[in-house]
Every structure is written in C-alpha cells, then in structure tokens.
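Two complexes, one shared chain (subunit A), two partners (subunit B, subunit C).
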Partner chain A sequence: MKIVKKAQAGTMQSSDLMVFLEPAETLNVTIESTVLKQFGALIRAKVDEMLQKHGIDAGEVRITDRGALDYAIEARLETAIMRGTEG
Partner chain B sequence: MVTSLLSTDDLTQARALLEATGLQFETPYDDLVGIFAAGRLVAVGARQGRTLKMLAVAPSHQGGTLLDEVVTELVGRGYQEGVDSFFIFTSPALAPNFETLNFNLLAASGKTALLEYGDGLKRYLTRYTRLIRPGNNGAIVANCNPFTLGHRHLVEQAAAAVDQLFLFVVREERSLFPFVARMRMAQDGTADLPNVTVIDTSWYAVSSITFPTYFLKDGDPGGAIQMELDLLLFAQRIAPHFHVKSRFVGSEPLCGTTAAYNEAMHRILPPLGIEVRETERKNADQQPISASRIRDMLLRGELEGIAELVPVSTLDFLLSSEGIKIWDKGGAK
Partner chain C sequence: MAGFKLRRSLLYVPGNMPSMLQNIPIFNCDSVIIDLEDAVPLSEKDAARHLVRHFLLNYTDRNKELLVRINPLDTKWGYEDLKVVLPAMPDGIRLPKADTPEIVERLDTLLTEFEEELEVEIGRFGILPSLESALGVINAVGIANSSERIFALAFGAEDYTASMEIERSRGGEELFNARTRVLWAAKAKGIQAVDTIFADVSDMEGLRNETELAKRLGYTGKCLVNPRQIEVVHDVFAPKQHEVEYALQVIEAIQRARQLGTGVIALGGKMVDAPVVKRAARVLRTAYAHGMVDTLIDEEAIHGAQ
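Moving on, here comes the complex of A and B:
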C-alpha cells in the first residue's frame, strides 16, 4: 500500500510522538527522538513492524518522538496511516 | 484545549500576555492560537509561513505542557497548509525548551538563536552529497535575478581559484524571476565551466528565514542580527559539508543591504575558517553591471543595451516567450 496524501498524527508532548506521512516513490523512514541514543533501535523496530503490518511499501515517514511507549507509537502510526491512505 | 484567537477580546488578551512576558504582538501571521483557563488566556503562539513566533505562557501556568500543546497545534495546522519545516527564533537561554520538543539548533549569535523543527538541514545537505568532490572548494551565493555578465565574471574568477565552485542560487520566491528560471539561467550561463556546480540554497542561506531584510529595502536595523545568523549557519553547517574554504563575493557599490552583508562576511567568516574574497564589479559603460539595472531596463522596455550586460544564454531566455512573460507584465509600456 502507498501513502496517497499528507497526513499527521500525535502531539509534541512528553511521552508522545508526532508522525508525518507524505507520498513518495520509495519507503523512507526518519526518526528523531529525545531518547534516540537509548531507544532508537527499538523505536525503529516498532515503526517497521507497524508499516509492515499495514503493508506500507512507499511513502515518506517522519517521526519526532519524546519518549513514547510502544502502544503510543502503534496508535499514532495507525492513525496517521489511516489518514494517509484512505481515498 | 488550543483554539484560534480571532475576536477582539482574544487579541487584546494575546497582546497583554505577550507584553507581560517581554514580547511584542507582531503582525502579520497566518495562524494565531492560544489556550484559555477559566476565561483567561494563559498561552499563545503564532505562525507566519515557516516561522513560529509570539510563543508565550503566563508565569502562573509555566512548567506544564501548554507550550507543547501550542506548538503541536501550530505545526499540525501548518503541515496541513503545506509547510514541511518550521523555524523558531528565540534567545539562546530559551533554546533548550525547544530542543526538548525536537527542535534542532541551527545557529546562535549573542541574543538570538535559530532552531528548526525536523531534520531539514540534514536532508538538504545529504541531497547534494554525491555532487561534492573533496578539495579546496569555494562558494558563491547569488540570486541571479537575472544571471548577468557580472555573475559570470565573478564565477570565472572564483572557479579559477578553487577545485570545485558551488554556485548557490537563492531558493526564495521573492524576486522578479521565479526560482526555476534563475536556476536555469545560472546553469546555462556556467555550463562550459567544468568545476562549477549549481545548487539551491533551500531555506538555509539568504532566505526569508535567515536573512529576511535581503528582500526588503534598505534600513531595517533588525537585519543586522539575522545577517549574522545567516553567515554563522553558512560557516558552521553548510561550508564544512561542501568542503568550502572560501566565499567569493562581488564588491557592492550600489545596494546598502548587500554592502552591509559583504561587510558582515569580512567580520564573521574568516574567524570561522572561511576566507572571503571580494572581487571588483565588472563595469559596462562606466557603470557596474547589476541585475537590478537589467531589471529596470527590461521593465522600461529598453532592450538594446541588455545584450552587453548578460551572457548569450541569459539573453536567449529573456527573449524567449517564457522569459518575456516574466518581465513584460500586462503588455509593453
């Protein structure tokens, strides 16, 4: 599935994340986080898992995180994906 | 909850809150939002294009999440409007408050710090990585509005003095000629010089973010600080990526703002390891060639003299149907 339009979900508050999605030819994920050093790899794994679950294979995915827990990452990504893929 | 501030009472409260925290109410803006507690405005923030400003939280409500909520709302709305990178000017002491919101510090001088939300600068630099050949490289930043024999002269001199020369064309759409046209004139006008690479400045050099007064007329005192930020950003973040060790600039006898910018270059860049080489302007008919002179001639319809001031490639463009559409607005006068 492709990202067909710009979409955004989440907030900039502590323990949350902002997700930005844009249409693109290839899949490109960038993650910024205040805890990137400690948890960057885990955040990346969770993001990849969610993209795979929804079958997203093309789009620009930008995430700015402030220490969100797994379920917050799941919820925000799912919301953004639904907004960015629906007709 | 964050709401738009629209009514006269909203605006009066916003002005009072800003002034109480030492800021000013500055129009224009695209979005103005705030948070109320018990009917009283306790947090405010605005967005003008890519810049977030007028961000303030009442002292009684600081230390919570109000700033986060305001910035979230402004960024979310801005993103829907098509803005994909956001900038904040603040004092260096307050910069860490924004760094915890994932803003990145781009440059800081005495009283002002410039921060960017997201990794736009890194993405901009990475986009050009494959064009860079390490060596003793040089840079020119120019608007090329349009590309003249003066530009050509400066480019030739600079290219002969370095391994690779980057000609940064100002990205901002605030000029008579649109960016795409300026970029093409610069490319066509330097195509025969193998060590010249033409690229764009994005928002990171001579833009409405880093140097807004470039696009205004002379005499704005606030411009001095932003010139400094523009040059610090260039010296500390952009030049090292492109292996740029010298910046070339034409002497500026005509325009006050550009002359002040040149002077700031001589003051700021050398201590940061960038040599500034100022070249005498090329003259035609005892007058320096300048793009503004050519624009004046075009707008007055004096086409005869222009061929002596621009390269053939630029002349071809100016006289093409696409070029004529740009400068001959509403038929010849």
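Moving on, here comes the complex of A and C:
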C-alpha cells in the first residue's frame, strides 16, 4: 500500500509522538526522540512492524517521539496511515 | 447481593492523551470513563479511538471498571467509536444524550450485534446512560427500563443546565428536581445513581458539600474530572465508624427479636423493624466493600429464615 497524500497524527505532548507521512517512491523512515539513545532501536522496530502490518512499502515516514509507549506508537501510526492512504 | 459493585468515583480521562491514559492503572477510583466525546476535538475523533483501542488492548492486568464515553449515536462518530473500541473489551459504554428510551434501545441492539460478532457473552457490555437534558430527565423512568444492560443512571448537570437555559450555581438549588427525578427512576428500577461532575478542581470544599448533598439524596457515586477529587468523594461515601457499629447492633437486635418470635424490637429506645434492618444491611455492604467489616451480610440475616 502507498501513502497517497500528506498526513500526520499525534501531538507533541509528553508520552506522545507525532507521525508525519508523505508520498515517496521508496520507504524512508527517520526517527527523532527524547529517548533515542536508550530506545531508538525499539521504536524503530515498532515502527517497522506497524508499516509492515499495514503493507506500507513506500513513503516518507517521519517520527518525532516524546517518550511514547508502544501502544501509543501503534495507535498514532495506524491513524496516520489511515489518513494518508485513503483516497 | 449478587453483582454488587462499588461505584463511588467515576473518573473521566480524555481519550486522546497518552499521558493521562497510561496513568489509569494507578488511579484509585472505582471506575474510569475514557472520553471520546467532549474532551476530543472533532478533527481527532479517529485518532482518539485508535489510541483508546490500543491502550485497552495493552492494559491486560485490569484493576478497575473501564467505561468508554462514545459520541452520541446520531453523530457520524458514534457507531465508529463502538466498532473500533469494543474489540478491546471495555466493561461498558457511557451513552451521552440518552434523551429517550429508544436511543438506549438502539445502543443495546448494536451492542448485541457486536457481542455476537466478537463471540462474547450477550450482555457483557454494560450501559451507563447520561440524563443530561430536560427531555432525558423527563424520560428517566422509561430510560431506566429500556435495557437490562443499564447498571446505573448518570445525571449530567452541565448539559442539563444548558438545555434549561440556566446557569449552574455553587449550591445547586436549580438541579434539585432533576437530581430527584433521576434518583426515583434509578431506585424504582433497583440500579445505582451517579451524580454529575463538579468542575472546579481547586474548590475541594464545594466538591465535598455537593457530594454530601448527592449522598444524602440517595446517589451512590459521582463523576469526577480530576484524580485529585477521588479522595474527597471516597471519604464522603465511606460509612462512618459509628454508622457501621450501629448497623451491626441493629442486625444483632433483629436476630435476637426473631429468636423471640417477633419482627420488631427496641434498640437504645428506638424501634428496629424491617426497613431499619434494610438500611443497616446497606451500610454493612458498603462497609464490607470499604474493608471495614470482614464478612458480607447474607440475605437470611436481613430477612430472617422463612
């Protein structure tokens, strides 16, 4: 599935994250986080898992994390993907 | 009493705020109402229901009752809220603007359909209707009887005063008739009654006064907007030690009376008969829920052997 339009989800509050999606030819993920050193790899794994689950193989994915737990990462990505893939 | 559940404090938690949602396990309220309605801006309705669903799916070690306030069923969000959130198994739905029995019946039917689809027991999802308009208050009796899923009626004063075109005062005199009517409907049906929120989080004295009034009238619990309000509400609804002691004496006295072959006896110069015993039993059940007495009173102690 492709990102067909710009979309975002989430907030900049603590324990939350912002997800930005844009159409692109290839898949490119960048993550910015207040806890990147400790949890960067885990966040990346969760993001990859969700993209795979929704079959996203192309798009610009930008995450700004404020210390979100897994459930919030799952939810915000799901919202952004639904917003970015519907016609 | 089968299914007796203490609901003194029902705390609202905004549905689109992870920082609040993930504190739910540590709040010491009896129930939480996760809000998808007024606390969520229109542009974030989809995001909030996804967040609540994922939060609930991850909150497996549950330690309190979890209700979700959906958007009204006549909006474009209400049905979608149910569809996304119910698979994450909340305990029940708080239905805003439950103005008529038909609206509640509609929710009841939808819940049954979802229960069939999810292959869970029919009746698993409860309903807490909000009576928050002149029409809702007038229809209180019909609403209380509109579904067996209803475990309590909730009075909502903010929207009610808006529908009455009046201001809400600190003393709450303008709410008296509505509060009473909601109570009558709940008591006649044998379900609980939950009082409205108290919005001023800094006014603990006002909260205490209003909660005491609600308790005196017959309400069994109150909705809260901030965890700081929990302690005051629990304190007001807790039976006082002297009430518990008196209730224990009443039960002892009536058992003595029954041994003598009568259903009435004097205790400290006051008559004790069936209604007094019933009130004492209520105090003892609540005391049991508060851990103030060790055993739950049985039906035979209340009514005597047949």
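Definition applied: the second predicted complex is superposed on the first by the 87 of 87 C-alpha atoms of A that agree within 3 Å, B and C clash if a C-alpha of one lies under 4 Å from a C-alpha of the other, contacts with A are read in each partner's own complex, and residues count from 1 in each chain.
Just so it is clear, contacts are C-beta pairs under 8 Å (C-beta built on N, C-alpha and C of every residue); 3 or more make two chains touch, one makes a residue touch a chain.
Note that the structure is a prediction, hence the values are computed from the model and not measured.
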Fit or clash for subunit B plus subunit C once both are placed on subunit A? fit
So, does A:Ser15 touch the first partner subunit B, the second partner subunit C, both, or neither? second
Rounding in steps of 10 degrees, give the angle subunit B-subunit A-subunit C taken between C-alpha centres. 120
Would you sort A:Gln38 into first (subunit B), second (subunit C), both or neither based on which partner it touches? neither
Quick one: is A:Lys6 in contact with subunit B, with subunit C, with both, or with neither? Answer first, second, both or neither. first
So, does A:Gln52 touch the first partner subunit B, the second partner subunit C, both, or neither? neither
Answer with first, second, both or neither: which of subunit B and subunit C does A:Met82 touch in the superposed model? second
Just to confirm the geometry: in the superposition, how small does the C-alpha gap between subunit B and subunit C get, in angstrom? 8
Residues of subunit A contacting subunit B in one complex and subunit C in the other: 11, 13-14
Please name which positions on subunit A make contact with subunit B in the complex. 6, 8, 11-14, 18, 20, 22, 30, 32-34, 62, 64-66
Subunit C to subunit A touching residues, read off their complex: 16-19, 22, 46-47, 50-51, 53-55, 57-58
Across the complex, what residues on subunit B touch subunit A? 65, 68-69, 71-72, 75-76, 79-80, 82, 84, 100-102, 117-119, 123
Which residues of subunit A touch subunit C in their complex? 9-11, 13-16, 68-72, 74-76, 78-79, 82-83
